[in-house]
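Quick heads-up: structures coming right below.
Consider the two complexes below, in which subunit A is the common component and subunit B and subunit C are the respective partners.
Let's look at the complex of A and B:
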């Protein structure tokens, strides 16, 4: 049913520009993940029927604790007291959204496939906390922002959803597609001290 | 910069929020029975206190929820935040 995805991420011109410059020992690397689908789910966390239906389809918990992400088969981010984002392989997203829609059809809920609007950047490396600190007001010290924490905030004034997925550290940045070129250009400038390299997934 | 406590996300920088004016102004249940002066009072007149002020903020760059903050308009000191749905700022009771 699902057809292979040949979607451009819009960062190709930037990657072409940067292809000549190689950073010898990058303290941070950015991987553009265009192969992921994004599903926005809204419903009442207090409605046990809604939570149960969603969890049954996902096969994992819906995080009700603010600013946490459930990392399992899918990444399920808390966005608000009645809003979540599910990130899953793009090829399976439409089918999953359909199943979620069906499962929640008799509750006060909404499921929307918003894959076209967002892109994921994976920021990895020993120096990525230093890099993020230049443009983000969040306290990202390991003691304050642990694996499984997420937050919607701004990086260099662009709205992002930021999560720490492992202690390497690896940060996942979910950003509007139309802002991704701006953010990546900002990262190349801000990352000159740390050394930054870009990769297409 | 102010550190504002979102009731859901905790303390965040002021730049993540947008201001929504005085809190606790209930829309008149039946606007048709009001005089123009009463309607204008509801629309435009605010208490503008010197000191403690209960006001609305929206966590625009975060969870996008509206909530209330009690802030001193002289010192900018924030006494605390409150959720609107818990009725704590409902003047009608």
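Let's look at the complex of A and C:
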């Protein structure tokens, strides 16, 4: 009689705090996605067997170019020469992690479902590059950080995984859940001149 | 009524009069004024008192070089101390106060210092205030108050400051003719350009200049150029923005003042912004500073830089004096003389050169200005304001003595000793400077980073050269970034011919500097020619030492005005050339920067990230005060009905030992470690025999640094043949993971092991107490929990209340206890489930304080509290954890003679003789009456009231303590007699460990 996992992201109290202060014309909006699962995969990019097994399960390429994300059925982020993050619908994450584990069990690899530990923020709006520039040291100019680029960097004093997923622009911020409250409060403060709105997915 | 305001001209807006207060006096100026120009317009001549001698001082400059007009601006929490009035834009309602002089700058009791000026020579503080040493804090308070400077507001800063990261192809510092030309050239090539200038409008020396560029007046060229730049999307214009630091890898910092120029009521949004810029190329175009000359009493109010006088006339329509003497050794001050004459002042030029100026000399003659060539100003008459000068003939002879002088009446002395390029940013970047023997100034030498200097800051004085170098450097910078830069013609300008500058620093007087009135070099620190000479007589040779001894260039102006002439005087005293003496080091910040803009958004709640667990909101709702543990906020205790810390902790401890306590342990670091070589890897990291661990069982492990000292500890579990789950301390989590990765990646790459952090994924709920098993069963657990099926130190996957969990039977309290690892998304629900199921047993949530008491009762250490990086496992009595069958990190260090000493500090328990809870950190001594300094034999590391035992307990590190059980030593407590304490075993409660095995 197992019950499905709850998908609390922990930002519910902050959203309740902010619900009173709606910004009329926000320059940036943040959507908190709690419907996504996260799988950390480690293995060697040079290990053809490993790469093939993972790609077979995923049905899409494992990005081997540093700081890129493969955007298809799943979002597959390159994190390092031997580490990737797969973001996929939450409901399917455990099953996908199990299949990846099985497919890579006879090679040097590691698969961990880390869904409970991560929060995804979708940042959109005309001012979102300005807002990010207040806390992130990366060059996010469209010519320097294009769709499909990702980077592990910092926003203010929190570590994040940042990716540009479309030209709207839409940024995807993956952050460890314990830091997400800090980051959202920082975004609220830093974005008060631009106007920022939060919503739950 | 502004007596010194000219009826026409200037770039001020006469339709917008502004009122402001200066030391309580209500005055008026116009929009477009700086505070300095408005003060001059109102005829204010004394704006401060000097640092040491308390001499009255007036406005000298018109920009960043100003040493005297240092003001407190604004009131209350918005106030800013120590701003230069020359760089403060006037706004309606501005409140300014002088920062020096008591009771005020106009009348200052401290001026008596000037009478005894001989006493206040270089090194005065070192010589006078050193004895007795213990009095320094008294002296310091007096000196500090006497020195002046503004006061930082004590209120919390209510304004909003922010940081902004930016990247560009070309950063241009300085928006005068060279900078604007560079920006246009690089911008039109398509490069991403940032142009920053410290003033409110671009133009630099062009503002108000009466010249033509091409076929249009300079003002028109300026307007068109700024418009063209503003129209380019790839160009960011930053007025009111000071590039104050140039750091490694072409990283530059800019302080932008967004709203400081507005009346306080009209300010909205960000007050100041720190731009952190990564530039591919940098063009430095910050211009040059005019130098003063060191003649007697050259600090009297009314002695000003010639260029500043011109600025006040041209840009602000303010006439700083009616009867002026212009004292110069070069041509540029002739323009000032012409400006003064056109403004209706009478002017005499005193030129040290026998043959006077070039084309400008002819223009001055046409304007009816008399020139006394081959003469120098030796002394100034007047105390609170210039009343005249002494002028003497001089043929350039090096004796520095003049025989006779004449008096000229005047109320203004405009001085020019030549120009020094602003080489500050070039120098911050690591570039050296070269002495230009023709122009007599330091010019930028080879650049150390991707930067070039253009225009006056490269020693180019003519407008044509500035425009040309600007265009060339902008094009070159853009093309180095890969842009094709179109050709741009340099606009034509009319340039006359110039006579060369005559090198002159210290001006001859009728006596040696020690015997004549002071010839000032550094106005902020009252450093005079005589001080430099004294330093040299006392043996100082190096310019950096002389700086520190005489305080030359130590003020907030960092010697922008006086350093170069000071170095020239030093060179003369040492019989060396100026380049042989060299300059002192130019360091950021170029002008002072407010702390607030450095802090940016990282203030208050956002000072540092607050990490919250998945159960945090429940803790908050339950009213638990929070404790900082690393960056985490953990509940400290859960008070009920107005309980204080002690009452709540006593209740929580008893509940956990007698029935059921529950704690959020989610902050522990959690690491998944797996791979073919994981056992070998962990054997090298941990001290115990990892390979002997059975699957499904846990072990307590410690890891040591290479020095053999305890680094971190935690429970680890073997989940499979090649899979482990490690826990770390809360504060050590990130460091431990980095430490493990470092060994894997750099020293042992042959080991096949992967590590993954699970710290945030899993939340951990600890259930502690004799009823914990019963409540788990009540919630519904899919595995048998009895003592044989699930023994102490077992780990098993299970379903609990329908949720998949990892269940551990581990204990940090000595009680029967379980830890539940659950996906953090469901942790709050699980917590509530446990609370509901445990209600009947009085389930009691507890925080970090109770956790500490429970573990201390059992003698369990906290790494970082009971250890401090100098404690070995042997010191802690953990020899049983040190495997003899293998090597591990730190093992060899444990065999060092120092680690084998029998008198090392060892972990013991302490019992106080009178129920006193010893403060943690208390020093322990052998004998109460020993002579001072009393030798210490240890200190208290943990100390609590134990409700379960009914008396206080403490853990301590005591020299040779383990062999001293039962002995009495003494706790040194502030304000009372040393207290006898008894050394005991560190385990106070259930020493046989039976309770956790039930």
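Here are some notes:
Simple rule for what comes next: the second predicted complex is superposed on the first by the 196 of 201 C-alpha atoms of A that agree within 3 Å, B and C clash if a C-alpha of one lies under 4 Å from a C-alpha of the other, contacts with A are read in each partner's own complex, and residues count from 1 in each chain.
Operating definition for what follows: contacts are C-beta pairs under 8 Å (C-beta built on N, C-alpha and C of every residue); 3 or more make two chains touch, one makes a residue touch a chain.
Here the structure is a predicted model, which is why all the values come from computation and not from measurement.
Applying the stated contact rule after C-alpha superposition, one finds that A:152 touches subunit B and leaves subunit C untouched. In the overlay built on the shared chain, the residue A:122 is in contact with neither subunit B nor subunit C. In the superposed pair of complexes, A:42 makes contact with subunit C only, with no contact to subunit B. When the shared chain is aligned, subunit B comes close enough to touch A:67, but subunit C does not. In the superposition on chain A, A:137 makes contact with both subunit B and subunit C. Of the two partners subunit B and subunit C, it is C that touches the larger number of subunit A residues. On subunit A, the patch touched by subunit B and the patch touched by subunit C overlap at residues 137-138, 157.
Contact residues of subunit A toward subunit C in the complex are 1-3, 5-10, 12-13, 34, 40, 42-43, 82, 108-110, 112-118, 133-139, 141, 144, 156-158, 176-179, 181-183, 185-186, 189-190, 192-193. Contacts from subunit C toward subunit A in the complex involve residues 160, 162-167, 192, 269-270, 276, 278, 601-602, 605-606, 608-614, 616-617, 620, 632, 672, 674-676, 752, 754, 756-763, 799, 801-804, 822-829. Within the complex formed with subunit B, the residues of subunit A that make contact are 66-67, 79-81, 83, 137-138, 151-154, 157, 159. For subunit B in complex with subunit A, the residues that touch the partner chain are 8-10, 12-13, 15-16, 61-65.
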